[in-house]
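Each remark here refers to the structure printed beneath this line.
Chain naming follows the written order as A, B, C, D and E, and within any one chain the residues start at number 1.
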């Protein structure tokens, strides 16, 4: 039993910086004036986190675990740290100065929780041990429950917090049971030990444990059949939180799930069949239901929620494709691309629905009518993000992401799954393009709550959207940069 | 010209123009309220592109049958994806058609009143996408440009279209996406099969053509996926119903580019990709495609006859005409394939011109119903004359361009599918019936003074638009030699190569059958455990052949 | 003896558990839950997890449940209205839960037929727990503080209300 | 003899009761209590397994679950209070503004 | 005849001493230039158009004469203008060839064409857009010359379609009248049906013989099965029926009379409609290998000539009578061709061109005089008012009636003789030869009868109309006189002095025929003509009440004849209407309902699925918990058990 060394602490800096940052926010909130620039401070913390990540990634020569084997310290974690921090920073940037409009009255607490959720998400992906993993999950979730309810005067915000909280607790109870079963089977909560000891176990029990674990992970990823919370919560929560959930949280859940499930069930060859069948079915259901139900949504946030469900489906396809054939790398790339385009889309929603953010139908699709005339740049950006989500050039990141994912799946032999995937992708074009229709083809009616007046964008939102758009294009045009390193990173997993 | 990447310049010059429209201060709506400056800017860029493509044609060596003016740069090395361009006798004239039509479309854009700049932007962007599609020799690059064609067209129909534009444009996009995504799966499959055999990924068309060895069964499926994507684009019966809607709702320029170039992309895809990659699949599907094409010829013609809307009539006539092109190609001999390529050019010119003519009428009277016109020949003789010429070109009267194409197609196809071609000849009759019927109903008879008494004849700008098209109708009808000479060497070697593959591959009837299950994680894991991977065996067998 | 104790405890746990679900009045449910948690603490104790048993009683049955009851009283919650769904659906849900239970236990019966060895060395004593907690599990332990921090901050943010500013 | 199986079955039974309660009860506080039931059920399993394997990882897990439960109690009750403030009800059926 | 003999003779007949480099293209090019100039200059100065066009036609005629005289016995001129197109195994030259057959055709086309141009100057003098008219007319000459000069099937086809286009334009010349325009369209479309057959024939020839050059084809022919020859021949014949107005595609020709009368004379009597006959003559080596096809040709031709003659009996429109007469005479030409006497067919073609052009121009003169009145019941007694017209018309009538020594007699006599002897060369005709000859004789009687009837109704008796007729101007009379002269002596000259048979024997099979008969014998052989003419004179000058009574005698028959056997109505009812309804049904039913319906239906199904699945979005926590739990249990159990 090794004691805690300085190295452990240093290498855990990416987690520690936002945690401490959160405390600092709270502390400063007490002493500073009412309107001190909390957002900027939080941004600085996140930038500091980026610095820490840089430090860690430079230092990571040898793969190792930290704190007597409860945290991984490997490129995989670093990659997800980066994704989590960058998406969190982008979300933060775009929501700068817009909290009040969304009904958030306690910015100090909000930012603190935001940082804590970020830290929790990092623990979640980096955990090498299931109790730590569970704790990371709970830190992230607990902060997130509260963030969802942060617009305290809005009943839909409370309602979304309630739903997210109860369903989240419900699912984590299942996850916990899964952990208990694995512990019972192997006598350890260390992933690597479990993976070794699991060989030869009763596959029935393993299957049940697998089911319970999937319940927990899939819930956070937001895939069918554990997606029911997503639309309600996405719609009810303040838009910045929604964006945070859709990108950062989903990314960390995928990262954690990828590592855990891969190590436990894929490395363990004999359980692979059960595992892959289950994920196969979930992936198909997710793609179909996510995309098909999105067709009928009028609320844009709800639509994006279902779209994110659909994308979870595509990511599960990559999840299924074997790592050697590019599944893992494709997933890593996809998460990055998906993150920027989704944040971009939510950013535009945030800007356009500013006036009606606290109304019930504030994000109705008619809000976008005539945006192409009143604010051509915003509309063009939204078009780019939506096309990217639909996987159509010039939305290159989405297209290349799908390309990687489906290509990996085909080489993995999942051609049927890919066919379903592309068909769903075709279906998804309809609802994405419906927004484009509203923006460009339907003129705004005077007076109504639509975009007859150009929404204000501002510097922070503008730069966030610009960064997202740039990332969408660059990731797509020069994907090798990310993909090749993703390949290297994933190769460390097996 | 040494050192200048000519093809890239041709592809991206229009895009540069499109961007310039937004960057140049003179094009700002404030200083350019009627969009004249933007029009001229766009015109200059499209003309420059045309000039460059003419230079390309001049420098092109027809006798060299492989790709010329190659450009290649590694793009996504892990998948062997290259930014790779090239032009050969099959694509060069289509490139010229594209660059030729675009200035004409821009000249004819006067009828677009609102958002001229955006309209021109989309047109130029579309030109880039189309040229890219024609010039890409990397499957991935091709696919990107292929999909890129959708977005500008979507906006062109959606913003500047008619009443049901939203329905039409969504239908257009969804239909096309539906097909092309399945093609994407087939591309993945082929690339993976190639990788399994040769141990490296590549999207290079030439390499895939060389090295892709697939069993008949697999080829059938992959070809079907490609055929669906391309068949929808052509459009082949029964995947054509998006076309009339899109044509009717699109603005004039949109219709012209749709009929003139976009539809050709489907057949071009067959020629460039589906057939060379999957010759056995092509062999199996060929007769069925021919059947569909012939059905399309007769069906399109019959339905066109029943139309009361001029644009819809012309749209259905496109279905019929493209049927000829497909028939000619799938008959797959040198004559018919050349004819098919030639007919693509002709269709672009004559149908493009017809759409422009309809646009002229629509600009003046804002109706496209046949019943609203009649007796116009007396009032607008020049218009009537032009209309007659393009009508005759459309029904393939000898000495117009249409005849050469149609004759080559039919006489060539007759050698492969005599019965089907005999049926297709019915289309020749029906073509005359609906086109002359249209001409008679609109141009002949007594003029309704109250309705069309104020109609003015084509003005000088419109005349400028039609003159090059008019000239081409006869030049290509009387002197097709120069055009044919550019493509025949390539077509000859192309047809020979593919036919040779059909024969040899069919004879060998390989044991090897690409089976995706071999690449499942089982394989991967067994490999990790040090067992012999089925993949290795596959490689070994592949090496033996 | 041990068996009898187990069955008694088990019976009480199941009974109080059912009571939690079945009671109309939330207060009754809460009280049932307290009993249930104490039963669980007894089970812990019977498994020689003394530290956990203690914490269970103090933190769970004590602090947490008091908080719950406090909230119930604060919000002045009355009895629950009957569900809108028909009885059949409820029955179905209960049956499904039961089926879940039966299926899983059927599976487990074949796996864990092990009688725990009762040894003196390794027990859930405070010392043993503490040793593990502060060596191997020091990071989770610290992370738990973050969790509690988040919970505190979050609940404050959500529950506190500023006076609405009049503009 | 009392085997691990006995504890496990007890655990599962309790878990099932919790699940059932979660699904059929409408009062948010009771639903919350059902979640607590489920967590405690898992705790029983953990402790039994810890005994079976003779290591303390399971007990540490239980300890952490208790922390989580405490945190959940705080957050959950706060959310319920917020909901009550906005909707004047703790009935989960009434909290259905967000739907379809 | 033995197959090999036939093939040999075909090879012999296409074996010319060809002379390269003759600028044959100039013959066709002149009218093309004329056409352009007539339009451009005529647009400024309307009156100049006619003269320009006439000059172009005359110059062309001059060129033809030049080559005609230069043409050596059994030789041919060739002019390879350029390689038109070539791809794969198909290579087509723009090739002109001038042999004896072409020479005859060219002379007819440009000669009569020039005369009709001249005539048109007077006829169209008052028309507002006569520049357009002359432009079209010259364009027609150009196309027609392409047709006859074409050295391969495709150049011929160019001309073939070109004349169709010009015919379309000229029929619909007065396009403000929609029914005229419709007549033009009908002509074009019916022709297209024939063209489709022609195209198929070209494809078949290309496929089986690899060439479409007439000479090469003649050399390569042979070796294929009789069925193939029959098929090709029938396809060609389908093309010919379209262009030359034979059953079943003859319906357009009567309607085509909507065009200006010179057009009817030039296109629909003298030249274009005979293109089918020319085609058969050109491809004779193919037809002689397909005896069955020849029987079909004969049968169709006989039927056509009979039906058309019967209809002509009761027409009152002077141009309609002439139109049906043309159809009937074209039938005669095909009879000759079908009997294997191709040169006779050409002979009749030439004489027919003389007298029918004259008749049409005469009728045009009458119509012009009567201010566009075409109904013969509104005429009468015009012989006194316009003697030149009347005289020429009568001469031509006698010519068409087949009375020696007028032109028509010789060709008709040959046709009937050829039919009688057709069994010698075609065993299938053995049984029918006599029968065909008999019917043909009957038709000849009918021809003489209805033509005399029309002449009587127009020129004899007293004027029944209301306008003030007058003799036509000199530009119109001069062509009439020339043509009448040709109709008078042309046959005799070609039979004896100029010996068409001898001239054509190097390109067409000419069977040795008996020594020339004496004048008396020929008068004797003209008995059908005398019979018809006499009967008509009797009925329409003396017993004028009888015809009406005759018609009244069998009303259904006369009605049937007057209504042209209801061909148009039957086609309309059986083909056009159903096809249009079918098209409409295809559009509404197949296209919109089934195909588009299934497309939109798929979309709707997906959409509805979305709607149905959306039901799960109840917004209620408990339901979500239940769904998740149930789904989790389901998936776990599903994979546990399966």
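As a convention for this text, contacts are C-beta pairs under 8 Å (C-beta built on N, C-alpha and C of every residue); 3 or more make two chains touch, one makes a residue touch a chain.
Everything numeric in this text was worked out from a predicted model, so none of it was measured.
Peer 1: Could you leave chain B out and let me know how the rest splits into touching groups, if at all?
Peer 2: Groups after removing chain B from the contact graph: one piece.
Peer 1: Would you mind telling me which chain pair, D-E or C-D, is linked by more contacting C-beta pairs?
Peer 2: C-D
Peer 1: Comparing centres built from CA atoms, which chain ends up most distant from chain E?
Peer 2: C
Peer 1: Determine, using the mean of C-alpha atoms as each chain's centre, which chain is farthest from chain B.
Peer 2: Comparing chain centres, C lies farthest from chain B.
Peer 1: Taking each chain's centre as the average of its Cα atoms, which chain lies closest to the overall Cα centroid?
Peer 2: The chain sitting closest to the overall C-alpha centre is B.
Peer 1: Quick one: chain B and chain C, Cα centre-to-centre, how many Å?
Peer 2: 68
Peer 1: If you average the CA atoms of chain C and of chain E, how far apart do the two points sit, in angstrom?
Peer 2: From the centre of chain C to the centre of chain E is 102 Å.
Peer 1: Measuring centre to centre with CA averages, how many angstrom lie between chain A and chain E?
Peer 2: About 78 Å separates the centre of chain A from that of chain E.
Peer 1: Would you mind pulling out the distance in Å between where the CA atoms of chain B average out and where those of chain E do?
Peer 2: That pair's centroid distance is 40 Å.
Peer 1: Counting only residues that touch at least two other chains, what does the list for chain D look like?
Peer 2: In chain D, the residues touching two or more other chains are 4, 8, 15, 18-19, 22-26, 31-32, 48, 50, 52, 55, 57, 60, 64, 67-68, 71-72, 75, 78-80, 82, 85, 92-93, 95-99.
Peer 1: Two or more other chains touching the same residue: where does that happen in chain B?
Peer 2: Residues 174 of chain B touch two or more partner chains.
Peer 1: If I count partner chains per residue in chain E, which residues reach a count of at least 2?
Peer 2: 603, 614, 617, 619, 621, 625-626, 629, 640
Peer 1: Please output the residues of chain E touching chain A within their complex, sorted ascending.
Peer 2: Interface residues on the chain E side: 603, 606-607, 609-611, 613-614, 616-617, 619, 621, 623-625, 627-629, 631-632, 635-636, 638-640.
Peer 1: Spell out the residues on chain C that touch chain D in their complex, using ranges where they run on.
Peer 2: It comes out as residues 2-3, 6, 10, 13-14, 17-18, 20-21, 23, 26, 29-30, 33, 36-37, 40, 43-44, 47-49, 51-52, 55-56, 59-60, 63-64, 67-68, 71-72, 74-75, 77, 80-81, 83-84, 90, 93-94, 96-98, 100-101, 104-105, 108-109, 111-119, 122, 124, 128-129, 132-133, 137, 140, 144, 147-148, 150-152, 154-156, 158-159, 161.
Peer 1: What residues on chain E touch chain B, complex-wise?
Peer 2: Residues in contact with chain B: 82-90, 154, 157-158, 161-162, 165, 168, 172, 175-178, 181-182, 185, 188-189, 192-193, 195-196, 199-200, 202-204, 206-207, 579-580, 582-584, 586-588, 590-592, 595-596, 599, 603.
Peer 1: Given the complex with chain D, which residues does chain A contribute to the contact?
Peer 2: 130-131, 134-135, 138, 142, 145-146, 149, 152-156, 158-163, 165-166, 169-170, 172-173, 176-177, 179-181, 183-184, 187-189, 231-233, 235-236, 360
Peer 1: Please name which positions on chain C make contact with chain A in the complex.
Peer 2: 104, 107-108, 110-112, 135-140, 143-144, 146-147, 149-151, 153-158, 160-162, 164
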